[in-house]
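I'd like to ask some things about the structure below.
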Amino acid sequence: MIRNERMKVAEQREIARNIYELVLEGKLADEIREPGRFIHVKAGETMDPLLRRPISIADYGNGRITLIYRAEGCGTRLISEKSPHGTADVLGPLGNGFPVRAAAPGTKALLVGGGIGVPPLYGLSKQLKEAGVEPVHVLGFQSDDVVFYEEKFSRLGETHIATVDGSRGTKGFVTDVLAKLGHEFGVYYSCGPVPMLKAVAEGMAGTEGYLSFEERMGCGIGACFACVCHTDSNDRGYVKVCSDGPVFKAGVVTI
Amino acid sequence: MIRNERMKVAEQREIARNIYELVLEGKLADEIREPGRFIHVKAGETMDPLLRRPISIADYGNGRITLIYRAEGCGTRLISEKSPHGTADVLGPLGNGFPVRAAAPGTKALLVGGGIGVPPLYGLSKQLKEAGVEPVHVLGFQSDDVVFYEEKFSRLGETHIATVDGSRGTKGFVTDVLAKLGHEFGVYYSCGPVPMLKAVAEGMAGTEGYLSFEERMGCGIGACFACVCHTDSNDRGYVKVCSDGPVFKAGVVTI
Amino acid sequence: MSRLQVELPGLTLKNPIMPASGCFGFGREYAQLYDLSKLGAIMVKATTLEPRFGNPTPRVAETPAGMLNAIGLQNPGLEKVVTEELPWLEQYDVPIIANVAGSETEDYVAVAERISNVPNVRALELNISCPNVKCGGITFGTDPEVAGELTRAVKAVSAVPVYVKLSPNVTDVTEIARAAEAGGADGLTLINTLVGMRFDPRTGKPVIANGTGGLSGPAVKPVALRMVYEVSRSVSIPVIGMGGISDVDDVINFMSAGATAVAVGTANFVDHFVCPNLIDALPDRLDELGIGNVTQLIGRSHRI
Amino acid sequence: MSRLQVELPGLTLKNPIMPASGCFGFGREYAQLYDLSKLGAIMVKATTLEPRFGNPTPRVAETPAGMLNAIGLQNPGLEKVVTEELPWLEQYDVPIIANVAGSETEDYVAVAERISNVPNVRALELNISCPNVKCGGITFGTDPEVAGELTRAVKAVSAVPVYVKLSPNVTDVTEIARAAEAGGADGLTLINTLVGMRFDPRTGKPVIANGTGGLSGPAVKPVALRMVYEVSRSVSIPVIGMGGISDVDDVINFMSAGATAVAVGTANFVDHFVCPNLIDALPDRLDELGIGNVTQLIGRSHRI
């Protein structure tokens, strides 16, 4: 069920430069059944900024959800000012997440994330691990100072970091790491900027894959047609990122 | 000098129902020479609410200013959420205040305030007292639960409270108290809603008086002509509340 | 009779609150959140003769206290709307106002004729004011003669009352309003969106793929209120007001300005429960204002 | 030449930032806060032939991300402006753009003739778009023929280049723009305010004593950007853009949309140092964007 709830701010901290981890408490947390879904957050209390901000659920359980986000524009900066006294007006959970069952127990699954596309892969990785799947992580960042959760991912499975400037891990893009990975994967999952998704999907052609997309949103629930992408996979010719996605099987969304 | 300063929030507390006392720290405090001037406060950090809010300086000294205000609309409610960690974007001091010297030492001065018109009279009363004038206060409020500073005023001089519903002091308006006061006053000062100012000015006709006005403001510094009032006392035919006032000699502003 | 009930041509509304066209789809998504029977009416998404895919993305951009959209009238087309969407809405006790769009008069007429015969459609809203499509839409809404003609043509075939939706992007909105009235309109709805743009400082290009978009939300409210005021004073058919409504005082103010009912658009994206919340808040606010019946608000500002 | 310098008819500007008319008086108040010589230019308050008292108060009301004003062109009249206000401004090294208003063509002509001969007045801004006065103002700004005629009459007497200030309250702003150009305008300034209203829910009456007011501030920025874009593409005279500018990216975006310089109005009430702050911030932002000279921004969106 989709709830609109004033969730309690349990924790908020900066975990890398301008990257915040926000833990919220409320009933909404108990509605989440799948990693990769998202919530729609009202940033301030007035009419500016007006629209809600979509943020992936990075982790959930025990009546809490964890969000990891970059404070960039006016909305995310306001969210980063919320402190443990306060509340956050949250709508969710929204959308469809990553199918954990697509990975067979005993096989390896590849998880590729870029920047603020990394967060939802954390909840996914935990659930894959629980399901007996072996997650392998390839995480790309701009530079050393915005890398987050390396240790947490490492605890769940093999973890490779790439940074554009080479200040941590492999210098370059996630695809530079992928080219050198020797594993066989039953399935891959990816979230990040579109050029990355495209490169990953091309590199992994032939393997079953799931990609999480971003698009500018209005309603976040499928009513306004703001977030539509072309597809050849249904006869309407389109999918909505907010309600049909944000996760789609590779090949569904034309990129 | 008019400054635009991010002042530090030193204290903020609710001193009566929806009435807040806010103490700010900064260099601006040292620019104030006169009670009854005001500052222009930016309520939030975004474009809504847009305009600054004019608030009288209730008291000042030692690098601090005290404001007392009612959290009513969207702007003042945001101001009331500022906590001692934070800052407030303040422009000031603005306008012209109450002339303390208009009262001769050894005489009695009458101070009449209504609701959120009461705050600037506090700083005025302190200075009158210091100057050897005996202040007599008549303060009107809606009801008991929004009365503030009664004790502080009482420490400075004779203090009468009137409430509309009779829940504290005299039942009725400040004019009901004035009618029964037996004193001789060299001068009177008043701040509050226009009907009150009008009644006070009529009741005190013949005595020198100073009235503090409110008007919707744009710039707060005299540039936009939002806050203009008719007058017969100069050949332009108008005064600006923000820069010529907010305090005017009784009779200057046509009410 | 309930103190919230209002009467409009073709419509008896339980309350004066309805979602605005294009901000509520055909109701399916919001039906997950609350019972649609609670609403005064529903203005469903624009329907065109053929299915439309709409414009490329980004289709929306935030602006100070507002948003731009250039959805481009994406909809499944008349056939699907009539056979799938509207019948699905039959399960709710709520009158439907069908928003009709097209590129030529014939399109409007064809859609109007068929859709006005669907049982739960109690009124049409002629969308002559959509700024986001190349032909049709706004071109009909800026020329009084064209607007009057189109109204007449649609009235001739419609089985239900016809409301004409006015564009704010005009020099004199009352001129178009009077032309629609003269063309036989039973009511007017206003405002549609103001044409606006946003740019990306890095590239210098417009943020919305379509270039321009329609501005809606609280930012436009002062313009909407002014136009509702002007129009309701210059015609004798009723007005449904919209543009930036988000709280109960907005409802009061649009009705004071001259609206008989109001529609809520963008606010549905910000507070997804805004319509039922407004309906619940209205009686208490009327009490506070000492007003017995919501109809007493209508055009209150004209009388003083 | 400084990387911030821009050239306009009659005006060589140190930088493209100036306060907008009516939001800066004749500079005296802001001169208490900073050195006016820092500004690219100053658009002073509207001057009419005779002194005007303006409208009753309340004259301003806040709206979401904007404000309404109905000052009503209060000003001390031509004589005082020419003998007191403008000479006072001589002490600053800054070109003055004199905003000229009136009720009839003859008023405009009389003011223009005299004021254009004051030494520090380098250009006129014909205010044919003030929505807050009963006669004159906006009536000139909504009819292309009238706008063209007025421009021609003023051009005939003006000793300096003439900019025409356009109203956004029109169906097609490019039509008025072209009429002004045909009338001999040397440049255009836009936008003036959008006509709007706000109501008091308790009384049902308008909050602004005048009833309607002019909407300005960030709320109108998308409309302003769209009009600057449209107009600058449809005429060959330069445009000074305004409407909701408050930060350095707004400056970038108005110039990308087609403006050669920009004016800042309402933001002066919110951040009283906004103009010098923008001037200081501009070089750093140009560096970040990899742009050498501010003139490279002008109309950048048209080229891509």
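Going by the order they are written in, the chains are A, B, C and D; count residues from 1 in each one.
Just so it is clear, a residue touches a chain if its C-beta (ideal position, glycine included) is under 8 Å from a C-beta of that chain, and two chains touch if they have at least 3 such contacts.
As the structure is a prediction and not an experimental result, all values here were calculated from the model.
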Open item on the list: In terms of touching chains, how many steps apart are chain B and chain D, taking the shortest path?
Closed with: 1
Task: Farthest chain relative to chain C (centres taken as mean CA coordinates) - done: B
Open item on the list: So using the touch definition from the top, which pair is joined by more C-beta contacts, A-D or A-C?
Closed with: A-C
Task: Whole-Å gap separating chain A and chain D, where each centre is the average of the chain's CA atoms - done: 46
Task: Distance from the mean Cα position of chain B to that of chain A, given in whole angstrom - done: 53
Task: Rounded Å distance, chain C centre to chain D centre (Cα mean) - done: 34
Task: Separation of chain A from chain C, taking each centre as the mean of its C-alpha atoms, in whole Å - done: 36
Open item on the list: Among all residues of chain A, which ones touch two or more of the remaining chains?
Closed with: 47-49
Task: Residue numbers of chain D (touch at least two other chains) - done: 63-66, 217-219
Open item on the list: Testing understanding: with touching defined as stated, what is the shape of the graph linking the protein chains, line, ring, star, complete or other?
Closed with: complete
Open item on the list: Considering only the defined contacts, which chain C positions touch chain D in the complex?
Closed with: 63-66, 68, 142, 169-172, 194-199, 201-206, 212-213, 215, 217-223, 225-226, 229, 244, 249, 252-253, 256-257, 285, 289, 297, 300-301, 304
Task: Of chain D, residues touching chain B in the complex - done: 22-25, 28-30, 32-33, 53-54, 57-67, 69, 71, 74, 76, 217-219, 246, 266, 268-273
Open item on the list: Which residues of chain A touch chain C once you look at their complex with the stated criterion?
Closed with: 1-2, 4, 42, 47-52, 91, 215-230, 236-238, 243
Open item on the list: Which residues of chain D touch chain A once you look at their complex with the stated criterion?
Closed with: 64-65, 218
Open item on the list: Quick check on the complex: what are the chain A residues that touch chain D?
Closed with: 47-48
